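Both of the next two complexes hold chain A, though its partner changes from chain B to chain C.
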Partner chain A sequence: MNYSFNFNAVSFEPLLKGLIVTLELTLAANAIGLTFGFLVALLIMSRIAAIRLPAMLSVEFFRCTPAIVQIVWFFYCVPMLFDVYLDSMTMGILALGLNLTAFNAEAYRAAIQAVPREQLDAGIALGLNPFQRVLYIVLPTAFRASIPVLLTNGIGIFQQSALVAIVAIQDLMYQGKSLATETYRPIETFTVVALIYFAVSFPVTQIVGYLERRRQLLMS
Partner chain B sequence: MTMSFSPPLVKVESLHKSYGPNIQVLKGLDIEMKPGERVVVIGPSGGGKSTLLRVIMGLEKIDSGSITFGGKPYISSAGRDKKTIIDTEVRRSIGMVFQHYTLFPHLSVLQNLILAPCKVRGEKKEIAIKRAQALLERFGLAAKANSYPAQLSGGQKQRVAIARALMLDPKLMLFDEVTSALDPELVAEVEQVILQLAAQNMPMMIVTHDMWFARNIASRVIFCAGGAVVEDGPPEQVLGSPKEERTRDFIDRVFHIRQ
Partner chain C sequence: MELDFSIVARFQNALALGLWTTIQLTLICIVLGCALGFLIGLARTSRSAVVRAVSSVYVEFFRGTPVLIQLFWIFFCLPLILGVELPNFASGIIALTLYMGAITSETFRASLKSVGREQLDACIALGLPRRVQVTSVILPQAVLRAIPTLLSNCVSLFKESALVSAVGIADLMFIGQNISNNTARPVEVLTIVALIYFIIAFPLARAVSLVERRILAKLAI
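The block that comes next holds the complex of A and B.
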């Protein structure tokens, strides 16, 4: 191969602007996913089938369809079906946020249901009422247990957010594509883009690994 | 007249309990426990000892029968659908320590102790902390007040669990094999704490496989097998010279009498 690399052609300014948009998307989607994910988790654990089943079905829908299909569907179908026209950034946040909501709901549910029965028995023996048992035993234990998965899901959305470039949101991926076209330097540009995604994701995955190891120690 | 009629502390009458349609565990159990008694329940694995304690703690539904506490109705099964009715007010006067560790892992030792007093009884935090520190001191755990359960040994965890139950001033303590998950060298420190409570006349019901402990703690021993009481009497009799064949077999087999 006699390709001569020229990284000087890659200008960082548009990439940095793109990264900021990507981070905005990620943070906003996580805010949605963390709060609504919890509410949906409560719905999918409801004893009332009329609440539980639709909630479960929607969660499975988001988990069993490609994120890119969800994004495209959201951008083209929602305005037509519901006659709402939002700016593309809001739409992107909503699409990613709903996707994350589904995954986080499952994380919360698994963590809540993994609280050992003995803990709840002890709560009853100590005279805590059902509401207090949830508030003081189940939720604190479950929140801690779910943190590694929530972080993994959250950083997953950071990566998935690259998909919104196809609906013209000017995120890191979009800026990378334009830059590659302008400079005729796709190899250099996309290498830098990949490294930027990596530089943000890698520390988070390391933190997740640390938290999981520490948790195993604490639980033993 | 100083003598007065005192009702039994616990009265269990024809208690039936099953898990699902096919697992009948307690089959018409009757037990009457007087105030101040320390009842040790022994019996073969699967005989329903844990189930009995869990029912008395109000953790399980029952099929039929009733339990009174201090003469007051506590647990009964009533109505056409045999719903279990538990008086939660009465339940608060009973404390229990389990075989598995049940300290709340996200709370420090001190927080474990004051959670229920503050939230259930509305006790002032400062007062609860004072009482907790006094209890921890008594159990040799003062230095561990701010540790988390994961930083404690098994024996320390069980002693904290006992202290946690005592914070609510129970009128009856239930202990279900609280030392059987411990390394042998840690058993004594937990048993000492329970003996200390016994010396203060705390009424208790204890399930244990430890012969030495049973002899030293019991004022009465019940041998329970097949979901019913087989033999019931003072420890010297039930452990020393049991009347029933099944009791004798069990004690020979399980306790390996070292004499």
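The block that comes next holds the complex of A and C.
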């Protein structure tokens, strides 16, 4: 290999600007995903089929199609179908947020259904009403159980957010791509960009691993 | 606006061709990725610290970065480093195989770990040789337990394969986008493309829970 590396060609200023956009997208999408995910989880556990089935179908639709298809669909079709024109950042946040909502809804549902039956029986025996049982027994246990998955999904959306570069939102990926083309230094640029993504997501995955290990210890 | 889905029918051959590319890419990478993942999964339990460190860095790096940047890196940088021209399709396969290898290695590692310590003790008590311990006791259980997660890894791979459209591989997404740009009918074309992905991924995703509940419950492991 006779390629001479020159990491000086990589200017960090645009990358940093891109990283901020990426983080904004991630945080906003997580805010949407964490709140709406919970609401949708309640919908897919509804006893009324007319509520449950459409909610389940839409969750499955978001989970079973590529995120890039969803993002491109959103950008092209929402303005045409509904005649609304939002700025691209808002569109990106909405597309990523809806995707995360579907994944988080499943995480909440699994955690809520994993609350042991005996605990609810104990709640009945103690004379708690259904609302109290949900508030004091189901929610605290379920929320704690779902944290690792929610964090994993959240960092997943951080990685998926790179896809918005394809619809020209100037995130880290987009800035990296333009820098690589401008400087003719794809290896250095893409390596630095990959390392930045890694530097953000690695600590979070380590925290998730720690939380899961601690949970297993507590459970056993 | 008026929707006219019949427009998509005119392009059914092109879409079918794209779908075929997507499926080929997915299948090749499932086979290669699972093999790689199995080896890496074993390497991460190796006694040699160097092997463990190298395989961990590989797995963490590929799980910790977007697939899109992996794809771009392989597409733009690997040819420069190796000094050879790589066809698009080959770089797509390399990138997705490396991604699949990283995520399946975690699956195999978790399932290997889930085989209880007491099973190994039982093997020792029975005086089974090391090779028999591995091939007849640990591996069959580990592989069976890995199946549901492996299936959902395959679904993920199938979905991630849509990213190769960004480096100009003519998969379903790429062809769909081309048609939608040329006909100026994005709503119809992209909706159909999304539905095609859904029709394939959804039964697979359902199969995961089916396997989990029925088969594994029957085997009581």
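As a working rule, the second predicted complex is superposed on the first by the 220 of 220 C-alpha atoms of A that agree within 3 Å, B and C clash if a C-alpha of one lies under 4 Å from a C-alpha of the other, contacts with A are read in each partner's own complex, and residues count from 1 in each chain.
Assume a contact is a pair of C-beta atoms (placed from the backbone, for glycine too) under 8 Å apart; a residue touches a chain by one contact, two chains touch by 3 or more.
Treat the numbers as computed from the prediction; the structure is a model and nothing was measured.
Asks: After the alignment on chain A, I want to confirm one thing: do chain B and chain C clash, or do they fit together?
Replies: Here the two partners, once superposed via chain A, fit next to each other without clashing.
Asks: Looking at A:68, would you say it contacts chain B, chain C, both, or neither? Reply first, second, both or neither.
Replies: second
Asks: Should A:162 be classified as contacting the first partner (chain B), the second (chain C), both, or neither?
Replies: second
Asks: Compare chain B and chain C by how many residues of chain A each one touches, and report the one with more.
Replies: Of chain B and chain C, the partner in contact with more residues of chain A is C.
Asks: Just chain B (first), just chain C (second), both, or neither: which does A:201 touch?
Replies: So A:201 only meets chain C here.
Asks: Given the touch rule stated above, what does A:122 touch, chain B (first), chain C (second), both, or neither?
Replies: It touches chain B, and chain C stays clear.
Asks: Given the touch rule stated above, what does A:54 touch, chain B (first), chain C (second), both, or neither?
Replies: A:54 contacts neither chain B nor chain C.
Asks: Given the superposition on chain A, what is the angle at the CA centre of chain A with arms to the CA centres of chain B and chain C, as a multiple of 10 degrees?
Replies: 100
Asks: Which partner chains sit in contact with A:136 here, chain B, chain C, both or neither? Use first/second/both/neither.
Replies: The answer is first: A:136 touches chain B but not chain C.
Asks: Enter the shortest inter-chain Cα distance between chain B and chain C once the structures share a common frame, rounded to whole Å.
Replies: Nearest C-alpha atoms of the two chains are 20 Å apart.
Asks: State which residues of chain A lie in both footprints, the one left by chain B and the one left by chain C.
Replies: On chain A, the chain B and chain C contacts do not overlap at all.
Asks: If we count contacts the way the header does, which residues on chain A are in touch with chain C in the complex?
Replies: 1-3, 60-61, 63-70, 72-73, 76-77, 80-81, 159-163, 165-166, 173, 176-177, 180, 186-187, 190-191, 193-194, 197-198, 201-202, 205
Asks: Which residues of chain B touch chain A in the complex?
Replies: These residues of chain B touch chain A: 54, 57-59, 88, 91-92, 94-96, 98, 100-106, 115-116, 119-121, 148, 150, 161, 164-165, 168.
Asks: Once bound in the complex, which stretches of chain A touch chain B?
Replies: Contacts found on chain A: 116, 118-119, 121-122, 124-129, 132, 136-137, 140-141, 144, 217-220.
Asks: List the residues on chain C that touch chain A in their complex, please.
Replies: It is residues 1, 60-61, 63-70, 72-73, 76-77, 80-83, 155, 159-163, 165-166, 173, 176-177, 180, 186-187, 190-191, 193-194, 197-198, 201-202, 205 of chain C that touch chain A.
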